[in-house]
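Take a look at the structures listed below.
In the two complexes below, chain A is the common chain; its partner is chain B in one and chain C in the other.
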Partner chain A sequence: MKTVRGTCLAAVLGVYACAIGAGPLTGGSYELQDRAHAGERPGAVHWLGTDDLGRDRLVRLLYGARTSLVLAPAAALLATAIATFLGSAAALAGGRFERAALYLVDVVASTPWFFALLLMRSVLPLNVDPAVSVSITFAILGLLGWPHGVRPVAARSAAVIRSEFMRQARASGIGRMRLLRAHMVPNLMPVVAAHFWATLPVFILAEANLSLLGLGVAEPLPSLGNLMSEFRDHRAIAERPWLLAPAVLLIGMIAALQVISKKGTTSHDCT
Partner chain B sequence: MTARSVALLLLAPAALIPAPVRAQTGSELRLSLRHDPKTFDPALVEEDAGETIRYLTGGVLVRINRITGKPEAGLAESWKVSPDGRTLQVRLRTGLRFSDGTPLTSEDVAFTFRRLLDPALHAPTGDAFRSSAGVVATAIQSPTAITVVFPATVASLERLLDQVAIQSARSPLKERAVAGPFVVKEYKAGTFVLLERNPNFWRRDAQGRRLPYLDAVRFSIQSNREMESVRLRRGELHMADRLDPEIFDRLKSERNLVAVDAGATTDLEMLWFNQAEQAPLAESKKAWFRSREFRQGISSAISRSDIARLAYRNYAEPASGPLPAASLWFNRKLRPPPYDPEQARRWFERAGFRLAGGQWWDARGNAVVFSIVTNASSKVHGQIAALIQQDLQKAGVKVNLASLEFRSLIERIGETSDYEACLLGLVNVDDDPNGQMNLWLSSSANHPWHPSQKSPATGWEAEIDRLMTAQASTADQRQRKKLFDRVQELVQEQAPVIFLVNPHALAAYSRDLRDLVPSPARPHLFWNIERLRLGNIEGASHARAALAN
Partner chain C sequence: MRRTLWTLAKVVCRTAARLALRLPLIALFACTLLSLAPGFDSDERRLDLRFSASSVAALHHAQKASRNPLVMCAGYLKGLARGDLGESTTFGAPVLGLVRERWATTGRSVLGGLGGGWILAAGSAVLVMLLRSPAASGGAAALTTALICIPSALLGVIVMLLDGLVEAALAAVIFPRVYQYTSRVLAQAAAAPHVRSAEAAGVTRWRLFWFACLPPAFPELLAVAAASVSMALASVVPLEVICDSPGLGQLAWKATLGRDVPLLLFVTLAMTAAANLASAVADLGTEALARSRS
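And now, the complex of A and B:
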């Protein structure tokens, strides 16, 4: 299992390295249209061919991976931070605050987030740089994706607070900050990490879904989602199987992240 | 496990399949609308979906044959237009009835025209009849004979009648009582519009059977064109027109479908800048958008031939103006503005911009950057926008693209004016200039760049208003052509709208359909809807038709 996890980690790091270094690595621009060579098959110059507007598919794939694989973890981190703060605060405060916090969770969790996302996207200013636009999209995802993490964090926090070792630690006169650092945080980590790893692929896919509707990442910036919008027809894939590259990368990355995440979610015994 | 439970398990997947996938029964024609109709009131229709429903449900006095281009008798048995184009004499067929059974008489014709030209109603269809202020006069000679006198000459009057659905003056159902081949039976917003056969439709076939042959027409509201093509291939839809070129190329190889390129249409892809006074934009941007030199610079920096070749796969022609070169009304002096970055540079300099660091800056030091909105559901529009973005980037102008869901887009264009530039298609039902009155008149709600002006904001708009009104006020076709030629020249000089390409009419339909004749004019595939049949259920349809008789 360690070998598999190691391989997955190496693959993920490799993809990240390629995505982040897309510019120097390819020496091309994701928006450059070589109109005389539009719709070409893979060849020596364009390894994955060119799209309908003559843009190099490989360059766009690497830049697209960067968009999706850098911003989705950032959004997952934001959602996890909100969930952790609210969950642990609810457990620590208890009483009315806890009830209010959990009520808020129910309300936000029952919101049809996809339509909320569409609504929020539609009121955004139009004249923004694609990079800013995509960052806003992922920020919205992060701001909407926290509710499901609150209850597990609150439950885990409550268990830690009530645990024998915490009572002993408090009785020994250990300060609050040290209690948090030495006992709370390590014991909450598995739950927090589980939420992060569970949300990450969801956010990558949410962006992909939005892009399929033409409402995700704006042209000319590529993302795995808007690159996949090219293969909605099975015969197009049979004729041009290289169109599958973004999907293969996305599936591979999500599978690898799931394997890696199993280590992150191994539970600690706090009793 | 019993035999019954095995059978249930085997049947379970079939139960999960949505209804349209299962075998189709009854002569129900299935197709899709790209968005919900904004209204079912035929006088107020102003968009494509509404026009489609009006075509199928509205009874008109005269119908233009989409193949011959000639007017044919509809509800009117005969009609006569006076030489000055002001007076219309109509003799209706006898025994006409609306779908709810109320009689259709001269009184209804009078009511329809009075309503259409009521200034308080702002009926878009009425714009073409409104060549001068004043009221329409009607003189009813009998229940089947009427004379309508317009306040001024209405050019191509009989052709305009194709868009005037006669409405009932007395029916309690108001606009839901119709005289066309179909009637709206059910509408679920965002889901479907179901039309059923109008049992009182006046027309019969050569054997005396009452038309239409079809029992019903079901429109799915389907903005996603890929999904539309998938459903067409599966047999869930019978036809689709205005196909994206990529989809059209794919459908050409389908055995159960006929894919046709019916030629260049009067439709247009176009780009315009928001010049509305009330637009919530920075004053600097409003100044750019009102600058002829800026607009001309943008026009010169766009390669129309690349749009036709790459986004339309050569199923489009570069556009010179509001009509395609094949139209009789096209000004032969016009040529598509050439792709000329050097000329664009000169225009931007004349606009007072300066080039620094590969980017244009205005006199106040603002970088020349703007956004283009377009509809998210159209892949072609996305591609055109990306091509324009690249062309303008090369010319030193940065463009941000924003794809919006169609309703949200229409709201921004029509209500809030909260956009900078818009890329959208224009639907021309007819190439007669009168069909474009609502596009060019500055007072029109559909005047793209600055709608509903109380008085023309610029001298050239006032001149276009004058020319359009004048051409609509004369029955002399040569004079009309001359006047409209000047409108086209003014539009090319001022470039309030940057015309990009005229797409071809690309369509595909099921081989089950009988008597379908594709036309480059709208509606491309069902202009003769009352005569269309579904081949596999022909017998059932005939049996029903026989019963009706």
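And now, the complex of A and C:
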């Protein structure tokens, strides 16, 4: 299992390196159009062929991977930070406030996630730059992905606050900041990390679903999701199987992330 | 008997009251999401060159005034109570009529998908548990992990390529998630000391499953069933769009593209109500089970 996890980690790091270094690696831009070679099959010049506008598919795949794989962890971090803040605040306040806060969290969590995404997506500004659209898409994911993490964080925080070692530390006169740094944070880390690792693949998949439906990252900026929007004409896949490259990369990355994060994660509404 | 019925009626009333309290809160959450969205006060009409500067300013002012989520929610709930769900801006038709035309399609897809997914998942979990073969459990784990890694929209594409139905795609979305929970719950029940000692005493695996593993796992399986309804409702949007099935998911997608807030708000509330209803029914089942045991 250790070898498999190590291989997956190496693969993920390799893809990240290629995605982040997409510019220098390809020497081209994802917008560059070679109109003379539009809709070409894979060959020596364009390894994955070109799209209908003559853009190199491999270059766009690397840039698309960068968009999805760099911004999804940022959104997962945002969701985890909100969950940690709300969960620990509820546990610290305790009593009625904790019960009321957790009830509201349950109400929010009971809303099917994809519909909440659609609600926010439906009223986005009309004329936005692709860079703004991608930021908004991932910000929405981060702002809506926290509810499932609040209860575990609150439960863990409450357990740590009421623990013997915390009482002893408080009785010994240790300051609040030190208590937080030396006792709370290390004890909360496993739960927080589990939420982060559980939401990361969910966000990559959510972006793919949204973009495949034309509601995610806007053209010409590529993402793994909007590169797959060509699949909506499903007959094209049988004729041009190299179109599947973004799907293969996405599935491989999610599978590798699942293997890496297998220990102690709880997956939720992962559509 | 009368006492049991009275207790059950009380539990049902309590659950219904909880659900009734939840719905306005969900509406408020949805209105808050809308009002917080960065483009809430943008209006397509503001791009229309026929509108003068003062008309555009008036439109902007009107949009800004309706940004308070409490006011928006109160207005919406008042309309809902009167049976007025508003008019769809995309279709130019009453929201209720549009939903009425399509809910049966979505209902059929969800029921079919849930049924198929659960039969596959529960069947595989029970089979893996009875066989106790590392190859079977490894194979099932690999298959479910692979399926979980595929976006539901892509599963829809694959099903379309195979000339399948939305129900099949939905079953493929539900199966891996339910399998992972179900097999974990059953494995926990099978690892209990009394089950192990019974097995050592020669009780058959099937009897053990039926009498010792399933009853304690049942409340958790009910909770998984409720969660799977929510999963199915969330997956219905990409699947109905990809498979071109005229249900509520496709309607929600069209409403999103057309910035049709009244329609999208009602579909979201209806879907959330359905998910909450499933959860309430699961809670009722768990409570009834606990009472019958005590």
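Here is the rule we go by: the second predicted complex is superposed on the first by the 254 of 271 C-alpha atoms of A that agree within 3 Å, B and C clash if a C-alpha of one lies under 4 Å from a C-alpha of the other, contacts with A are read in each partner's own complex, and residues count from 1 in each chain.
Just so we're on the same page, contacts are C-beta pairs under 8 Å (C-beta built on N, C-alpha and C of every residue); 3 or more make two chains touch, one makes a residue touch a chain.
Computed from a predicted structure; not experimentally measured.
A.B. asks: Look at where chain B and chain C land on chain A after superposing the complexes, then choose clash or fit.
C.D. replies: Once both complexes are aligned on chain A, chain B and chain C clash.
A.B. asks: Between chain B (first) and chain C (second), which does A:115 come into contact with in this model arrangement: first, second, both, or neither?
C.D. replies: Only chain C; A:115 stays clear of chain B.
A.B. asks: Quick one: is A:190 in contact with chain B, with chain C, with both, or with neither? Answer first, second, both or neither.
C.D. replies: So A:190 meets neither chain B nor chain C here.
A.B. asks: In the overlaid three-chain picture, which partner chain does A:129 touch, first (chain B) or second (chain C), both, or neither?
C.D. replies: first
A.B. asks: Please work out whether A:52 is in contact with chain B alone, chain C alone, both, or neither, and reply first, second, both or neither.
C.D. replies: First partner only, chain B.
A.B. asks: Scan A:236 for contacts with chain B and chain C and give back first, second, both or neither.
C.D. replies: first
A.B. asks: Could you say whether A:205 touches chain B, chain C, both of them, or neither, answering first, second, both or neither?
C.D. replies: The second partner, chain C, only.
A.B. asks: What is the contact status of A:31 with respect to chain B (first) and chain C (second): first, second, both, or neither?
C.D. replies: A:31 contacts chain B only, not chain C.
A.B. asks: Give the label of whichever partner, chain B or chain C, reaches more residues of chain A.
C.D. replies: On the superposition, C touches more of the residues of chain A.
A.B. asks: After superposition on the shared chain, which partner residues are touched by A:23: those of chain B (first), chain C (second), both, or neither?
C.D. replies: A:23 contacts neither chain B nor chain C.
A.B. asks: Of the candidate stretches 127-135, 235-243 or 271-279, which in chain B collides with chain C after aligning the structures?
C.D. replies: Looking at 127-135, 235-243 or 271-279, the stretch of chain B that collides with chain C is 271-279.
A.B. asks: Hey, what residues of chain A end up touching chain B and chain C alike?
C.D. replies: The overlap between the chain B and chain C interfaces on chain A comprises residues 118, 122, 126-128, 213-215, 232.
A.B. asks: Using the touch definition up top, name the residues of chain A that touch chain B in the complex.
C.D. replies: Chain A reaches chain B through residues 31, 33, 35, 38, 52-54, 118, 122, 126-130, 133, 213-215, 218-220, 229, 232-233, 235-236.
A.B. asks: Would you tell me which residues of chain C are touching chain A in their complex?
C.D. replies: Touch list, chain C to chain A: 22, 25-26, 29-30, 33-34, 36-40, 42, 44, 47, 145-146, 148-154, 157, 160-161, 173, 177, 180, 227, 230-231, 233-235, 237-238, 241-242, 252-253, 255-257, 259-261, 264-265, 267-268, 271-272, 275-276, 279.
A.B. asks: Given the complex with chain A, which residues does chain B contribute to the contact?
C.D. replies: Residues 224, 226, 229-230, 246, 250, 306, 310-311, 369-371, 373, 376-377, 379, 382-383, 385-387, 389-390, 393, 400-405, 408, 418-420.
A.B. asks: Can you list the chain A residues touching chain C in their complex?
C.D. replies: Residues 104, 107-108, 110-116, 118-128, 136, 144, 201, 205, 208-209, 212-215, 225, 228, 231-232, 234, 237-238, 247, 250-251, 254-255, 258-259, 267, 269-271 of chain A touch chain C in their complex.
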